[in-house]
């Protein structure tokens, strides 16, 4: 097999396993968690295998046609960046499966949807990070959003889950569309959608495209002002929060930033836009975390803060080399996933998630407490954890930036320090609030399974090990060089860089953070609630609900719900478009040859006059019977008018149809209340609608009348009818030109016409019985019938 | 000799057989109509294969043996073949669905004949190559649609048929006048012949006048702003099987004739009109999707969505590049399938919840995971989530729009997509994720399962369009190219000798 | 030039439009009958002025005859119009029985009140 | 109102009826060469039945009809289609018309018959049938009778349907109360 097939297999394997999981889940006693882990493990294994075959510079592009005529092919780019994310996805996925297998209550029948969603998610994630074609990347990108939607809504009867799922899908999908527009513009401008070709220098980037793509990135990575969906997404089961909403999916924005950095890095907006939004998000997230009480909300806000930090780092076109960025990402994956799992365990064993109601759990579950401690330490950036080194290198970058752009750099530095201080305090509160202090009296506790505690402990251990011995990661990270990622070489990662400004700032942050924690603890976290104006999620929800309201008002205002307005609107549109086309080509319209002084046929003029007079009778006469008579008189004169057009067939038909219609109308009117009963008469008032009617009628009349004259002036000199008449005797064997056309030349029209009559008759008959289905729209549906039989009971 | 007449005659003969031989509804009649519908589908497939084997060169039938412009011709080109297949396919599925929907004892005896007559009208619309015959075909279709609309309406609903009728009768009068005007100005009614003479006139005022008149007429049928009002209130009174048929096909007939007129018949230089059309399309998709948000029952929401999606198709037409026309055709294919299947899914949901008002629905995800999966797929496809069929259509439209620098219109299209997603989520949350309403959810009975299977068949087709976008798109492109190739069309029509061709 | 026909077409279309924009069913019905007639007349006028022409029947008349095609089309249109009128009559009858009103505005008023 | 007057009227109407139908058939036959044709003929026949119904009452007319009118209409469409389909057997296009010319026939002398006549007959049946059916149904309904006779109902309505008139009256009462 080729590398392509292996890679495709690695990507698709999890989704291919979905039916197996769904089927297996139908049996009650089966551990789906482990079954799910198998394809993930296999994918992981395959990825390792593929990466071992990669030659330096570790980038390979493989391609498989999919929609070649649109230029969309399954092209995959295997390089360090994608491999790194691929490993993270599979590795964390395995731990999450382990965790979920023990965490999720309920039968496998209920939970199989969860595992299916998880597997589907893994495929879409892997697809996203490996795609080379930007459109294919977008396809997978949106699929991750759908997977996330389904997983957030796993407990879908909970209104919170519904809200959270809706928010996340709407935000990520709509920002995704901006990304799509950006991708299309980039592809059209550069002539290719292939990332590898774009990275190789074919790209023609500009600020507008960057802004569009950045919106997509911000939406996915929960950057301000789109950050609000992430806390809402915490309605998902905890393994999902740990996996999708801290470790992997929200990192996609970071991933894409890394991907397009070589393309857009020199663009004017890069630093300002990404840096500004990133660092702003960092502060906002930290602030929101500081004021949250719910454990998952707190972690979600902290995640937002960290994501902002990561994006901000890329914005600075960092000088520390790509290893550092991988290191930051890895560090965050380790400790945030661990902390989410810890929270899950806490919730699992106490049923609570609110910091104010928790405390003193440390002695009851020491292993989890230890994991929690390590995670919180990394979060706060204590030495010997990965968080410390992250912070150090970031500070180095920031100090560099201050030298280049003093104002911007100082702002970013201040933001980082502020956010780090807040994060320190929050991390301290997180740990002490759960594990230390006195246990509230009404807290019920049951021990979690021992093995449930292992995955977070493993992750937490990672933060400690790699934080203490960062050198362990030097070689693997060096290997992960890739196409166009930051290839500036930098020094190896190390725990100790000597006494320098960064260390001083770090210490300062820790000290102030501790102080902040102590003061707030002393004050009892009274201010720990999110101010209303920052509740973006509620504003958004209100906006969506309000949308329904305003949509209704708008639809109402457009009169779409007021049927009597349809015809006036239609006619207005007709006149407006005809008038528009007339005005737009005013010069071309020729009325040459028109003259009022032409031969007026007295008889036809008289007939026309009589017809019009009778029609005015229809308007002005009071009684319906009188109006009907006027109408038939008008029809009679019209018949004569037809006759004067040398159309005997027409005249005969018209008079017969006229009389048949009159009989039918008479039958109808006999049943209607009479006009005098209803007190109706010719109505015309000074209200605007009367004038509107008048205006529209005059407009239609003038328009159609002038069309007749226009047609007269521009008549084609060789109408087909003349030829038909010539052939009428010769080829159609009839003398009556009209009849030969009707039954021979255009007999098909006549066939259609009698079909119309037949249908109209069927329809009319159908109206003569009333279907009993109960009141409208709220109606009880009938019991459905069977395909062919009909043994069901009547309602 | 070819069989172009049969897509029109078969349904009519079926309907006549129903009124003459099988007067009363019964199982035998159901089987007969289903077989006939299946035969029509097979015939359409056969014709489509023949058309596409000929690289899009249209097949022509001279009715009565008269040569073109004396008699009526039927022309089958790529687009018509595609539409024919879709129409017969949807009719087959909807007929089967209606069998499951109503027990045979309660069947309205006129329903099946009228449905067949409606199909005949639609098929003729696709086939005809004559402007006045198009009018007749429209009337067959419209009168059948009025009849079906009122056939099973109850006393509260029947009034909604009135505005539908009023608007469409006015449109018919306008169409008649437009056809007359076209005859006076071009001296012929044959479309190919009109094309020849219109090309000689270039973009004279007379040509534009006829085009605008026809666009207003077809705009009513397609549902372009502000001519769509008749649609969203009248469709909801239909039962779901008929609603699926109407929503899938009737408005798309309007789109089809707009395509036919602008691409095949009239010169390709009417830039002002394309510009106007594009802005109307933008307004259509935005205002209609807002209309969908204002509704709170499934049929109402879906009806407004039809209009909103029409906006995309018309937008693609208005961009008027070969790629854009191909995009439009692709979108039409996608939309017909997705919209009909959403109706079918909604109809199945109706039988679970005994109502399609969102306030009274719920619990469907638990009651029928299959139905939930089908709905989710189709709803996301409608909203344009990749790699489902709706995405490729939207992508093509965005891409052609961006290429032409129509940023505002693309922006409107993006916004409309987002709003579409929001309103589909509204259905999803209320009907599927919400806990079951009081009174619970019905148990799935065999008819309900049959409905789910039918919806599943449609969904599979739609998935096929999404994942196999390549062949579908290639077909669309062939169809678009032959559609825009006026000389090929004229050659095909005039090259067929008929009576008096030599004289 | 067919100025008198043009005037008649203008008046017929105008009056028909005025009638169909009214509230009362009867007037709307009359309006549609008039509209059908107006459209038919319009179509007929497309055959050109009948001045100095004969009926389209092959006979010994020395005059050239009028264009028969629009006449045939009008015949088709009259029949279709008849079908529509009949259907409309039955629909109005049915709506009247169901809604007990002959006024298109009061027909929809209750619904508008709900919103 | 059983009186001599009424008897006279009935007889008179019968005569008119016959006369009109002769004219209408003449119209149908001459259509190809002179003004007339299937539509005109069919409508005249239809009107003659309406006349009959106006005088004799709709129920009686319905009883006396020789054929169910709607079936006749459907048959008309079928006839028109079949006359168009026949040429297909000889490899001609749909709706190709043929003409036969016989000379020297007894009584008639020269006869000119073509498939257009068959087509026109289809139109004739359809138009006649439809007019009669619709007017009878509307007239019955507006005069308070059920629109369809019990035997007809299952052909036009499902078992879930009821007559429009009865329910309407109930509703009317409800409005009055």
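Each chain carries a letter (A, B, C and D) given by its place in the written order, and its residues are counted from 1.
Everything below uses one rule, namely that a contact is a pair of C-beta atoms (placed from the backbone, for glycine too) under 8 Å apart; a residue touches a chain by one contact, two chains touch by 3 or more.
Source: prediction; values computed, not measured.
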Chain A to chain B, fewest steps along touching chains: 1
C-D versus A-D: which has more C-beta pairs touching? A-D
What's the distance between the Cα centroids of chain A and chain D, rounded to whole Å? 59
Separation of the C-alpha centres, chain C versus chain D, in whole Å, is 24
Geometric centre distance via CA averages, chain C-chain B, whole Å: 28
Using mean CA coordinates as chain centres, what's the chain A-chain C distance in Å? 49
In chain D, what residues contact two or more other chains? 33-35, 39, 70, 74, 77, 81, 94-95, 97, 127, 134, 138, 141-142, 156-158, 160-161, 164, 167
Chain C residues counted as touching two or more neighbouring chains: 20, 38, 40, 42, 45-46, 48, 55, 57, 69-70, 73, 75-76, 79-80, 83-84, 86-87, 89-94, 98, 104, 107-108
Among the residues of chain A, which ones contact at least 2 other chains? 552, 556, 561, 563-564, 567, 571, 648-649, 653, 657, 660, 664, 667-668, 671, 704, 707, 711-712, 715, 719-720, 724, 735-736, 738, 742, 744, 746-750, 752-761, 763-768, 770-773, 782
Which residues of chain A touch chain B in their complex? 65-70, 113, 135, 138-139, 142-143, 146, 153, 156-157, 162, 165-166, 169-170, 173-174, 177-178, 180-181, 184-185, 188, 544, 547-548, 550-552, 554-556, 558-561, 563-567, 569-571, 573-574, 577-578, 580-582, 584-585, 588-590, 704, 707, 710-712, 714-720, 723-724, 727, 731, 744-749, 752-753, 755-756, 758-760, 762-767, 770-792, 794
Within their complex, chain A touches chain C through residues 552, 556, 561-564, 567-568, 571, 594-596, 598-601, 604-605, 608, 611-612, 615-616, 618-619, 624, 627-628, 631, 634-635, 638, 641-642, 644-650, 653-654, 657, 660-661, 664-665, 667-669, 671-673, 675, 678, 680, 693-694, 696-698, 700-709, 711-712, 715, 719-722, 724-725, 728-729, 735-738, 741-742, 746, 749-750, 752-754, 756-757, 759-761, 763-764, 767-768, 770
Mind listing the chain D positions that touch chain B in their complex? 70-71, 74-75, 77-78, 81, 85, 87, 91-97, 154-161, 167
Given the complex, residues on chain B that touch chain D span 1, 5, 9, 12-13, 16, 19-20, 23-25, 61-65, 102, 105-110, 155, 498
Complex contact set, residues of chain D against chain C: 33-35, 39, 127, 134, 138, 141-142, 164-165, 168, 171-172, 175
